[in-house]
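For reference, the structures are reproduced in the following blocks.
Look at the two complexes coming up: subunit A is in both, with subunit B in one and subunit C in the other.
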Partner chain A sequence: MAGQSNPHLSIFSAPEVEFLAEDEVVEIVPNIKMDAVNMICGDFGPFFPQIATKVPLWLAVALKKRGKCSIRPPEWMFVERLTHVLEAERESPREFQPLPFHYVEMSKLLLDNAHEDIPDIYMVRSLIEDIRDVRFHKVETGLETISGRTHAVKLKNLSAMEVNIVRPFMVRALQAFYKHDSPEMIQQPESTVNRRAQVVDRGPRNIFVTVTGLNMILSVVAKSRDAFVVNNASFGAAAAAVSTTVMNCSL
Partner chain B sequence: MLSYYDIDDILLGEEPISVVFQIGANGVGLLDPGSETNNVEKSAKVDLPFWLAHELFLRQAVSINVPSCYSLKTRKEIQADAACVDLRFRSPYFYELGCKLLPLVADKSIGPFLRYTFTSRYKEILCKSHSITGATPKFSSKLTKEESLLLEAARSSMVAFKKWRVGGSRLEKASILGRKRKPTMPTQPSGP
Partner chain C sequence: MERGEAAKRRGGGGGGHGGKKRCRSSEEGVEEREGGAGDPALRGWPSSEGREQIQLLEETLDEFTENRSDDLVVSLYQMDLDRALFLLRSYLRIRLQKIENYMVHISKTNLWNRLSEQEQRFAKRCIEIMEKHLEQSVLSRLPYGYQSMLKQSISSEEDDMVPEPQLDTFVFCKTKSDVGAFQLDDTGEEIVDLVADDLYVLRYKSIRGLVDGGRIDLV
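Right, the complex of A and B next:
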């Protein structure tokens, strides 16, 4: 499965990531009585007034738009929790805090469509913005540490939208490093010693765990909720396969 | 060795390369503007496009000189401040040409030099790429083809994300729908 917006690059557009996020389950409190709805993805309901039930986000938003329910914000979307997360993000410069995989998209959908159901909405909105900025800055700092032939980059707890933003840049950068740091390009180690010394000293690479192995394209096993950006030896079609795998594993 | 369907590879083949003829060649005087006859003398120095230089090299007709963009002077400039060097002016296919030239020339230090150049300039691209919006910045005119593709990849994904965050309708209107019909009548007479 790859994004449809650009068939050649096989990357996802932001609305496509949002579409994927709509399958996340949220809790709603309906104010109508309605029979169960039977969908391909499952059966939801039946709905009774003031009895909370769990539905996918797209159904919650659709009901909310018609004024048939109120959405209960997920437990991570409260001010105290977000403040803790923000503090932790600022304190640990090399780690990402565990947040829902689709937290950027979910928060946007909920803030746009269910603003009266979320307490302290302005605070929540600005906290999520801050968290996203801090995390993105970390990603950039981490990208600076790439300086050689890196086969894959592991970013634990990175969310779907965040990895989607850096994916085009990162894949291209890894391909370029892969090409320029190949053994064919660096043939004479004795003449490259002093240059290598200049290049290598870029600080520790604790954020990025490199996965080695030459036929590594699909040998990288993505654990769920870990976002991978994988470099590959044969570009082009393989890149499509990799991006596809990345998204499949992450979902 | 050049990819047939890759426009960058095709343009790369046009880069002029300075070669020295190892043998005399008859009937190809047009390759050498300084030649008075229709022949190219042995040990004549001629600028040829890369694709031709490569083919002649494989037939051992020429030896290839390292182009000026990999010269010692450029290397010193790169070592001083890699990000400020206008590599596009020197060769828009700086890296690609270097990779293709490496097996053809004796100077194997081009490989490490390319890597050092890319690593130093990558930092600069990285710290600017995700933060710029709107017009392309001034420094992007110094980037080679590969570097500007990298910059563009980051910039466009960030722009797409910001556009999504600001919101708007998820359904996009086809551009043809917004267009107003021109009030003027068609002037040409209706044909059969």
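Right, the complex of A and C next:
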């Protein structure tokens, strides 16, 4: 799984995140009679026609593909709920609405595999896409506000897929800020000439490394994640902050 | 349909209790796997319970196939087994990756005790091979004093050429339960109030204790 993808870019690839989401429990209505199954992940069933029961998503999809059940969409996947969530997402620019941790992957799997079980499927699909877009936009604007040494970033209710997409950029950016905005980097007035020369010498090199580093991440992010394009503004902000720090050092 | 011997042993008498136990250990597997990838450091080796279960499940599967049971049931068990194996494999692969990257560092610290027996053998061989390779390709041609794999030169007091995992980094984490006010730096200026189910990006160094204590999950 993670060993196959490049560990420096992202810890998981999108299909790997989807794999993890397949353990979420959904409700199905079987149309066959079957004994209970004792799985590694738990016991499920027995199954009787027309009697709803709860199984992990992968089992539901497997049964669905064989035409043995219909899946009941989870309650958050109805048009009214989603409309409400979308409105709330738009109204609160600094908060994420509570959705299941794996909502992106679950909705994808259900929309792909159980289309006849979901009422108003086109509406549901477009609402979920809109919600994703609004949330990603918030993450982007959130990134722009990072402008110095940061110890903690709160992202309550951010989902698994969203975490996975912003992780490489966010971690590198925070690391860079942490390193270059440290109190030791800022020149002490009583320090010797000798040390000053050292610091000045060190300055430009750091800025070079950081900017190329950021640049690299940016191009990688832009290339591999079309859903999440980091815009130039946040890069500009980051670069500007780095150069300010370096100026502080050389003064 | 008859349930096989192995199935009985697994599911058997205890019923509900047995099921719960299995369920928990599978969850642990997923958690270990997720955390294992997110954690810059190496974690302890989990119990061998998972492996036993997989063996039992394989037996069940064989029996089902022999008894020519319902194809559907056989295929579902097969899927369950495949998923578990996939998870286990990727977990082991992640560990091997960490060992390959930091073999010398691991062998010299108490991280060594966190490896399984096979992993220790793997790490030893890894180090031997790497040593031989570096020796033959570069080190033997360097002037005296610069020929160590572990030291920059003979004047270094400590081993300063050993790659170590970067622990001074940021991780995404989710709180399991209320932790309360938590200090993030040494000076006590940065304090966050960790409430259950919050998602934060924090410095790994500062929350390491919480991760080890199982009070916070890496995501």
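Basically, the second predicted complex is superposed on the first by the 178 of 251 C-alpha atoms of A that agree within 3 Å, B and C clash if a C-alpha of one lies under 4 Å from a C-alpha of the other, contacts with A are read in each partner's own complex, and residues count from 1 in each chain.
Simple rule for what comes next: a contact is a pair of C-beta atoms (placed from the backbone, for glycine too) under 8 Å apart; a residue touches a chain by one contact, two chains touch by 3 or more.
Model, not experiment: these values are computed from the prediction.
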item: Touched partner set for A:S147, first subunit B, second subunit C, both or neither; value: first
item: Partner chain in contact with A:L99 - subunit B first, subunit C second, else both or neither; value: neither
item: Touching partner for A:R167 - first (subunit B), second (subunit C), both, neither; value: both
item: Contacts of A:C69 with subunit B and subunit C, given as first, second, both or neither; value: neither
item: Contacts of A:V85 with subunit B and subunit C, given as first, second, both or neither; value: neither
item: Partner chain in contact with A:C41 - subunit B first, subunit C second, else both or neither; value: second
item: Which superposed partner A:N157 touches (first subunit B, second subunit C, both, neither); value: second
item: On subunit A, positions contacted by subunit B and by subunit C; value: 11, 167
item: Complex interface listing, subunit A residues touching subunit C; value: 1-4, 7, 11-12, 16, 19-20, 22-23, 34-35, 37-43, 58-59, 62-63, 66, 68, 151-158, 160, 163, 167, 170-171, 174-175, 178
item: Complex contacts: residues of subunit A adjacent to subunit B; value: 11, 13-15, 18, 108, 112, 136, 140, 143-144, 146-147, 161, 164-169, 172-173, 176-177, 179-181, 184-188, 191-192, 195-196, 198-199
item: Residue ranges of subunit C in contact with subunit A within the complex; value: 1, 3, 7, 10-11, 19-20, 22-23, 26-27, 30, 33-34, 37-38, 53-54, 57, 60, 70, 72-73, 75-77, 79-81, 83-84, 86-87, 89-90, 93-94, 96-97, 168-172, 184-185, 190, 192, 197-203, 206, 219
item: Residue numbers on subunit B that touch subunit A, as the complex places them; value: 95, 99, 102-103, 108-109, 111-116, 118-119, 122-123, 126-127, 129-130, 146, 149-150, 153-154, 156-158, 160-161, 163-165, 167, 170
